[in-house]
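So, here's a batch of structures to check.
Next come two complexes, and both contain chain A; in the first it sits with chain B, in the second with chain C.
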Partner chain A sequence: MGRSRPDENNRVGYLMALPYVIFFLLFMAYPLIFSLILVFHKWNIIAPMKWVGLGNFVRLFNDALFWKSLGNTFVFLVIHIPLQIIVALVIANILNQKIAARGFFRASFFLPVVISGVVVTILWQQLYSQETGLFNALLSRMNLHKVPWLTSTKLAMPSIAIMATWKNVGLYVVLFLTGLQGIPFSLYEAADLDGASGVQKFFHITIPMLNPTMIMVLILSTLGGFSLFIEPYIMTGGGPMNSTLSCVLYIYKQAFYFNHMGYAAALAFMVALIIMVVVIIQRKSFETEVYA
Partner chain B sequence: MPKFIKWYIVPLVVGILCHGSILFARDDVVRLTYWPSSNPQEIELAKVTVDEWNSKHPDIQVDMQPLPASQSSEEVLLAAVAARTTPDVCSNIWPGIVPEFTEAGVLVALDEFEEFSDVAASRIPEDILHIFRSNDGHIYQMPWKGNPIMMEYNVRLFREAGITTPPRTYAEFMNAAEKITKDTDGDGTIDRWMGIINVSPVWWHRFFDFYALYIAASGGKTLIADGKVDFNNEYAIGVFRFLQEGFAKGYFPKGTLQGNQFLLENIAIQFLGPWDIGFLEKHKPENFEYDFSPLPVPENTTEPIVTYGDPKNIVIFSTTKHPREAWEFVRFLVSEECDLRLLEICYQIPFRKDMDKDPTFKEYFEKNPKVLRFAKQIAYTRGTDNIPQLKEIFDVIAQAFEYCCVYGRKTPEDAIENAAEGCRRVIGR
Partner chain C sequence: MKKAIFYIVLLIVALAFIYPFIWMVSASLRPEIEISDLSPISSKFSISNYKAVLEKIPIVRAFFNSLFVSCSITLSVLIFSSMVGYALSRLTFKGRDTMFTIILFTMMIPFQITMIPLYVLMVKFGWTDTYAALIVPGMISAFGILLFRQYFKAIPQAIIDAARIDGCSDLGILFRIVWPNSIPALITVAIITFMNTWNGVLWPLIVIRKQNIMTMPQMVTLFAVGGQAELIGVQLASATMLAAPVVIIYCIFQRYFIASMARTGLKG
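What follows is the complex of A and B.
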């Protein structure tokens, strides 16, 4: 059997990589560079660009609504991430036991992940409806007051966080299940010999051994949380009184409602920078614990 | 010939031969692209209109493609302008977007066609036509149709509540609302309201509540005068107070209700245009009675009551290679026969002078008296101001509306003052 020459191997390799390189250049590198140029311009899509230097950033730092949207996004993250991790961990632990119809339950929890976000959001909008929603109908039957799930500034964002948790938890259940199944059983056997209780085993074996999965879930949840868009866009439009206006929704409004493409690009770069800082902090904190 | 070339050339030749349009297409046929609105009635109207045009004009063939669906038509048109994929003719142009288009030079000036003056004069008076004139003095849009916003009401619900005539003033409206809003099944919660006002803080929703009511209250003022904010006045404050009271007393629900609540008879009124007639006539249950009246106004407002006209116009994009032929098609779209078809299929009102007295439309209006109310109202409508920052101005008002009217966190005076200040900043930016 003949051996192919190294330069021929290289050519085949380049050819194999070419589709992705083209994709990367067209859909990632070009938009990134173009938006970097936009940051320093005022542009409404149809008229020529106008150089504004750092004007978009000056405006950004003085834009109270942007900082409010950032605050709202952090409120969402603070509710959503712990809730998601706790619920996913509990469900994964239950599904890791030998229970009846385990396959059915695993598929059921994953189902919302593959349903369109728009469909889920419209469904929950009806469930949350103050006048005709199922949740308030149940509360009324119990002689309790109706709750303004989406029309109260205090409750709207938590309501969205609960919905987002329901939508995404299946994915994290699968990740935790994979992590749980990777924990050597011998550790639990040794703990049993030492007389450890179930709770002790959970906190001293399961949780530490799941740390790599935790980090991944944490980072994915953070990235997902910063991308919050469909839910407030459809359910509340950013209201009531901007309490569910997320960063991405605000960027979208600036770009596609008002055609402030340069300003929207500046906002997007600022949000990307903040995400990067948050993720670095998360990794630094948790990696130390895992590998210490 | 190398073998692999054969595998390319043979299918290519076969493809060319099979594709008759390349070999047999007539060079002398002009092809135009036309984008109408994408709602079912207007698609049907466009199909009928284009079929008729194509049969009468074999040398100028029009391809109709409904405006691609999106959150708003303006987003799609902007994307098309940016990508230079605009059609030759579009008939779903909100005048608020025209200033941006004219600044970018993407529209054909229609007043440069010699027949324009005559065609325009047959439709609207010169003093109204000037509203559509751009800052450079040209007119880039053919006034086509309007949908005057009026108060649609459920006759039976009013009658059962002892309301014999639709409320005209804010005070009469609130009295009626008190009688209508109730818990009908005795479960302790309100399930019938006076009306629904969309609480979503999306800028264009305010055309159909605050803006229409403001035009009605002020006798036809718009938001901007001579390039300056002009709505910080008693009329705007009055409208905010009216809406705030309606929400505070529960006459308008704050949540989202699914389904057509007017058809379900869960609400008694709504503010909208004539397009709803077609929907109601198709879907209304037996014995469902409805009618229209002018918008409620403050005491002492003089007749006739003016309202928002929700105008949609026709433009020719400068990407067209055939402006003269496109103009001929536009003239056809605004002809009497097409205007009659617009009424018949879409229940929308063409911009045309004295239509209620025109014999062409007489029979139609005799059969459709509800549409006639709108046809009479069309002369008393206003559009939006001709400035590029209009969407941001309405966004500022939408924020103020939410804080003040829906949630009562600001007084109407403060909310209007703050909104006016915000709009000044937007204009000055």
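What follows is the complex of A and C.
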């Protein structure tokens, strides 16, 4: 009816969109602008701000801990992403067949997704525990050595990555399942006529057809990796020897333990920039691979 | 035979996702010396660990805080996001397309970058240690707006025209005509919003320091990190109490949960 009463609609449209405008100005635009001011200042929230120019960025480039936290995030991503994609693909392909109790299986894989990361982390901290943990109890029953899951600098981050995979994989199973159900059955029938094997069909039909889902999974797990916080916060506090210090945990510590608001804002700005670059690279490299 | 092996393997994999939770509940009911037992069965089950949690921290209060915050945010997101979604899909006004682009843009901004200035804003408003800090910044969601806009577009114009001829205002149309025709979208937004708020812990850790305003995940986190639990069983009891409400809701609405998350690809 927009055409018959354009003016009326115009006014009502503004009124109904108003909540978002207020929300955007207050909680999006203002913080973004303030953040751009903050990165050039030294500020402990109590004393007046002090202009330091590019000082925060100079400090950031020389801050070994910042680079360490970035490196830790990449260790996490390198283990988490491939593991997540492989496990999710395998489970999704199994669930996509005609099997009994499919709903039950789907619901079980999905259960950790809905449960708070706090619960999962507290639980896994006990599973990983050196002396009383379930994993080491299992290993010693099989006469194997106990593993220092969270106390070794080499293993702590991979252990967290494994836990995160366990927690999130159900979501990716569901995403892949949706993707699989969108592949036309005729493609497989045509391949059958050509005498293609199951493996060939998987790599030449299933994988390429899942490309949009794959990119979504890749980006979502990358964003997840860069926002890793509560897991190291509870499990290790960033240790041992800062080997599980994540980007967000480091920003959080700078801002709320040391009150280095300007520096923390600069760190956040840098991390956001890096996330953007990584996501763009992922997009570009994956899309050309398929459509070339 | 081959089929039997297939199902056994699948069942073992499924158990790998469920068993840790069963073990957690069982361990929280066991005495400390039995904590590393693999089996969930014990002859000495007791609720003493739960009593200890209730004595050490005001977790019941935290539960109601979380419930209040999550319900307020969910309700508000449903109302305001659907209003904006309606305006964007069903009304014409100048700047509508610009607004849509801005909303898409804000979804790409990581929380890391707005977290600190947002905290500063809360300090300026004097909202730290209040429910306002937990609720107000979450009252509208870009994801909700986009989902509603998408869904409302598909509603036949004839229904809306009919209501308008009957003298219905746009707000009336939204709540009396559009809402009843958009139940799946409402459920999706409600589930995702409620879950994200209930499970969210970083923002409460930043703006709340007073124990009587803390949300449940925040309190359980600090309980675990602070070493106040002393016993592993007590810590697991607090985690079980945090998980219980979501697990119960999940068991009832399991189908909706999975469908919602599949539709959006968003996670908690």
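The rule is short, and it goes like this: the second predicted complex is superposed on the first by the 285 of 292 C-alpha atoms of A that agree within 3 Å, B and C clash if a C-alpha of one lies under 4 Å from a C-alpha of the other, contacts with A are read in each partner's own complex, and residues count from 1 in each chain.
Simple rule for what comes next: contacts are C-beta pairs under 8 Å (C-beta built on N, C-alpha and C of every residue); 3 or more make two chains touch, one makes a residue touch a chain.
Quick caveat: nothing in here was measured; it's all calculated off a predicted structure.
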item: First (chain B), second (chain C), both or neither touched by A:55; value: neither
item: Partner chain(s) touched by A:256 [first = chain B, second = chain C, both, neither]; value: both
item: Contacts of A:112 with chain B and chain C, given as first, second, both or neither; value: second
item: Which superposed partner A:237 touches (first chain B, second chain C, both, neither); value: both
item: Most chain A residues touched (candidates chain B, chain C); value: C
item: Touched partner set for A:148, first chain B, second chain C, both or neither; value: first
item: First (chain B), second (chain C), both or neither touched by A:132; value: both
item: Which of chain B and chain C A:30 touches, first, second, both or neither; value: second
item: Partner chain(s) touched by A:158 [first = chain B, second = chain C, both, neither]; value: neither
item: Partner chain(s) touched by A:212 [first = chain B, second = chain C, both, neither]; value: neither
item: Residues of chain A contacting chain B in one complex and chain C in the other; value: 45, 125-126, 129, 131-133, 237, 256
item: Residue ranges of chain C in contact with chain A within the complex; value: 7, 10, 13-18, 20-21, 23-24, 27, 35-38, 80, 83-84, 86-88, 91-94, 96, 99, 102-103, 106, 109-121, 123, 137, 139-140, 145, 157, 160-161, 164, 169-171, 174, 195, 198-199, 201-202, 205-206, 217, 220-221, 224-225, 232, 235-236, 238-240, 242-243, 246-247, 250, 254-255, 257-258, 261-262, 265, 267-268
item: Residue ranges of chain B touching chain A (in the complex, touch as defined); value: 71, 75, 78-79, 81-82, 100-101, 103-104, 106, 187-191, 199-203, 253-258, 391-392, 395, 399, 402-403, 406-407, 409
item: Sites on chain A touched by chain B in the complex; value: 44-47, 125-126, 129-133, 140, 146, 148, 150-151, 153, 236-242, 253, 256-259
item: Interfacial residue positions of chain A with respect to chain C in the complex; value: 1-2, 6, 9-14, 16-17, 19-21, 23-24, 26-28, 30-32, 34-35, 38, 45, 91, 94, 99-100, 103-119, 122-127, 129, 131-134, 137-138, 141, 166, 168, 170-171, 174-175, 177-178, 216, 220, 223-224, 226-227, 229-230, 233-234, 237, 247-248, 251-252, 255-256, 261, 264-265, 268-269, 271-272, 275
